[in-house]
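Everything on this sheet refers to the single structure shown next.
The chains carry the letters A, B, C, D, E and F, assigned in the order they are written, with residues numbered from 1 in each.
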């Protein structure tokens, strides 16, 4: 059975994901140091008790997630957060997290992956949002079907304001506010969040909008990284799917 | 027909809503100065083209909203925002907005109003969140019915983690992140937004959670203020309901 | 008759003026979006009602100025500013502004242009201030005459503390405070502003000082850019001179 | 001959001028500590070599000014500033400065004093600007004459946009940017500075504007404080007038 | 055997120590939440493995310290800090810390306590530094003996620049930089830290200086609070002395 | 006798020490401008009255130090600082200071110099800390002797937690807090400061720790720069040793 050292894994991931290029909302890398040698990795979108418990049942000893522990503040371990950290520590697990680097990566990231899965040609990067283009416009109703299939079984929230789709912006997770920065560049926007003001803004912009879910738009990057680790180190990696309709 | 001056109206509302007590994300008060004497007020949750157009059809000349124009930045009028401002200016309308003061007001605010409508006794204020209490616990299923009735026809998203309800926190609109500040004080939380992490956090906290919609939880304060103006000045005030399921 | 698109014009100007290199006090580029296709450009130093009215009379549909709308703050349109914006919007004009990039540009900027007009060889750039040099010193009285001629009919305010002139610093507009950063490098300073402390500082430094007016020192850059646009696109460009003795 | 201790003088002035109420651009109080017991005070608007030299000739041993040494930065003593500090130290002088407290003081400040000298009744304070009112409007031409007399021999720069004067705002020194905060409250503004944009702004506001000079509007407060010290301690105090037309 | 709830204890201590009055470098109050009902409290200066281990041996279940976990940053649990937190969590302990409130408290604080132990009358508070005074000056050599006795067995570092002692400033722990704020108010300063520049600064100031150790000057406040809790709640409280010569 | 100009000297030192690469706590370069032509340089660790007086006795006219005047604040010259500056100015001396650039320089800096003096091979730079390595581990007791010899007569404070030494981190002066950034990279740390928490942190890390004194660890860089100036300009340079055990 293969085993790897957690600091070597961190160096490997940092060299690929380059967290120093992002102004993020969490520490990217090891957030809780556990046993230094690990045998199996649980990969997932979000760090929570259900994810930890499942990982333990599956005999994983490292948790690698997109949403780890967020926030810059004085040290305070209370309530639900304390219970999560307690479970990690008592089981000698390591917690690693990569946030924005997994949204914006040019090869393994969520946004690039979604565009490629929809057969769009990558055209431009604006912050962590990626824009892709079809050679010829397609009907929105056809595009919609492709998106449904890609994110199945996630229910989509759709605001249609265009009959055709040619240029698509994608910002996974809570990306609805990035819409303004690409207003004049796209006809369709896919993200994982909708706000009260979104419906009217996209109507006034004349842009199609699809909310494909925060969770569902963010499984791509972490899965890619899981595959990369498995292929590079020959270690066992399991994607633990705590599906979340939000 | 009654008419009032927009600066007198602003002074009146400031004296009640005390915007200087809040560290807000927009200017509270007049955001766009139109005709100084106005005859009819359109009251609503959000400033957008549909709201402006309806207000114009209804012969209103002042727009009073909860969500006006947000953000602290250099002056730049483009795209959908430019078209909204253009419509206001070409019709000589005034735009007034009050944001956090309408969430946190002790008498007219959204949060206090929701608690009172559910027959809870006001107990404590934490930032703009209010906490209310029943004398004796009631069944969650009964509480749920009351909430459905209050926000009808808004579909509710519910995470039940408790059979009973006694102490309820309410933070209207985008308040899901305020949950942590009241973790040990409540058994049930009502807000207008749900995030990807919310389901697991409330499960781990053992707290019931109801998302009653950003829009639907924020109609109370602005309606109350509309009524107050009508009663105080005898001027015509109309609530314009651009219902939004988000 | 030639026509151009305002976004193409903005891209063209940004590629030359590189606003991202400056930490400025306003948004550089389109500040108010009007008709997308324009036929005639009004170029001028400052955005105000007199400038807007003249531009309208001259059938201009884009205003390109050095002093647009300044300040980073919450959105608030009131008083004189609201009336200016109203006039722009009701006439479907576009407002574009470039501030520091027009002071500091190496080819088209105010400071470089003034030095060249006085036959000085460009020697060094300190922030947006440029320093130029004569091969041999000339009498201040001769230099003074050249400066009078260049800025005619602007009355000059002069503090002479040197009989000769060899090395001259120029900072257009409100640049009196940049004097300290070039104290040891120049014998003469030209700017567009004088402060209460200036007379004594330049006397103690032994440096000649000429205030040639905020307005008069800032016509060069915007005129150059107007010429550049005319030559590049063949579109009509008119410099509108709202002369200001300050 | 009377003598006083510089720390006692500082305590006395702090108790009256309350520098802790202002967010200023310099340290208010002792800026350079010299001999602890002093016999004669030089009072003036601005700290510069001419002022220091005259004070030394007049046998003063404490300099009390409105404009001392400004700026929050690392310690660096060079060029003209080093020569000023050198002259202070070699002559064992003390430098004391009070800036905003002398503009905004309710009894001794520049702005209140100017309004009272023009027989206006004090009505309101907005930041450090004071607003005064006549019972009945007077002709601008009569008001102008009074202002000329008060600031004689200072040449005034005048923009007249109203025939009458009733409510006057005063902000001494570099106060032109405070105009916007009182736009709706006054018909006439007096300050000590004019900017390129001022002419058009006051024209569009319909407000009379008088620039009475930075220096000339700031002699009042420091003179009042000089008199107060003389009366309170019986020590010799001399106002040193380094007149400056700016 | 008495038991108390950790949240009640926190409320009690907050009501006395008022952490909201301080701009501190750590969270004051519960830093790690353990068992909610506790039976015995370990009180000490600093949180480290030796302190935790001793507290566990003594059957304590709450750690109350002056130096808890410092720093405002993203969540990262690694190396020695992870091992400390691990020991706390695996033993179900609670960690509470109060930092500046224990230096500056008027009754229970370190600085007030040291002054009182040396029979000085409290005179003034400057930030968290307290100043005390003898009615008549005493010889420094006599004062030195008293200080040695008070802090025994802590070796003192002494810079004597005065033969007599009358007015003494005390700032426990790392307080050497507060010396400048009391320069003119004291003849003798006691703190718990010495820096490279201190010797020359106190010589030039003519002030006696005693470094009585960071640890030794900070046992007073936490001991007082331990006594207060024992007396108020009747619960067992033990001071654990991990003596540190620094 | 050689003489040099202070501005040329500053340009020379800046070109080598590159102060713009550091985010420092003081201005690096000329802090007080004295006579422009100087004949002899006093080099030392810290700027204080004893150092100034000795330099004057030795006929030096430029003071070049590692610790000059620190802090970013409003101008205020009082107490001991005023007396130091007064002595500099009255003797027409120039004060130059370089702080972090002398700690972190790759060739002349304190940290590199200490590692080289102990025959360690330079391996890595982390901020201004340098790490060096022996080819084979040596006994700590042998290493200790070398360190004692290097810093003689400075008394060392030693916490031994390892029998062997192979990889050593050095951070001169107040560097104890940089220990955490190299925790996993070294077995031994040398610095010039110890804090109350240090003993326990290094024990828990299992790292040897030597406090060789703030002063004693910081003589290397400034001496090297003194030698460099002497060799480059042929001017007289004298190291003035105001030894300080801290």
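Everything that follows uses one rule, which is that a contact is a pair of C-beta atoms (placed from the backbone, for glycine too) under 8 Å apart; a residue touches a chain by one contact, two chains touch by 3 or more.
All values reported here derive from a predicted model rather than from experimental measurement.
Think of each touching pair as a link: the shortest run of links from chain C to chain E has 3 of them. The greatest centre-to-centre distance from chain C, using averaged C-alpha positions, is reached by E. More than half of the contact pairs of D-F, counted by residue number, reappear in one of B-C, E-F or A-B; that pair is B-C. Homomeric contact chain D/chain F: same residue numbering on both sides for over half of the interface positions. In whole angstrom, the spacing between the mean C-alpha positions of chain B and chain D is 47. Distance between chain C and chain D, defined via averaged C-alpha coordinates, is recorded as 32 Å. For chain B, residues touching at least two other chains, in rising order: 78-79, 184. If touching chains are joined by edges, the resulting network of the protein chains shown is one closed cycle, each chain touching exactly two neighbours. Listing every chain once round the ring, from chain D with chain F next, yields D, F, E, A, B, C. Touching chain F in their complex are the following residues of chain D: 26-27, 30-33, 68-79, 82, 85-86, 89-90.
Those residues of chain F that touch chain E in the complex are listed here as 45-46, 48-50, 67, 78-80, 83-84, 173-174, 180, 183-184, 192, 194-201, 203-205, 214-215, 242, 244, 246.
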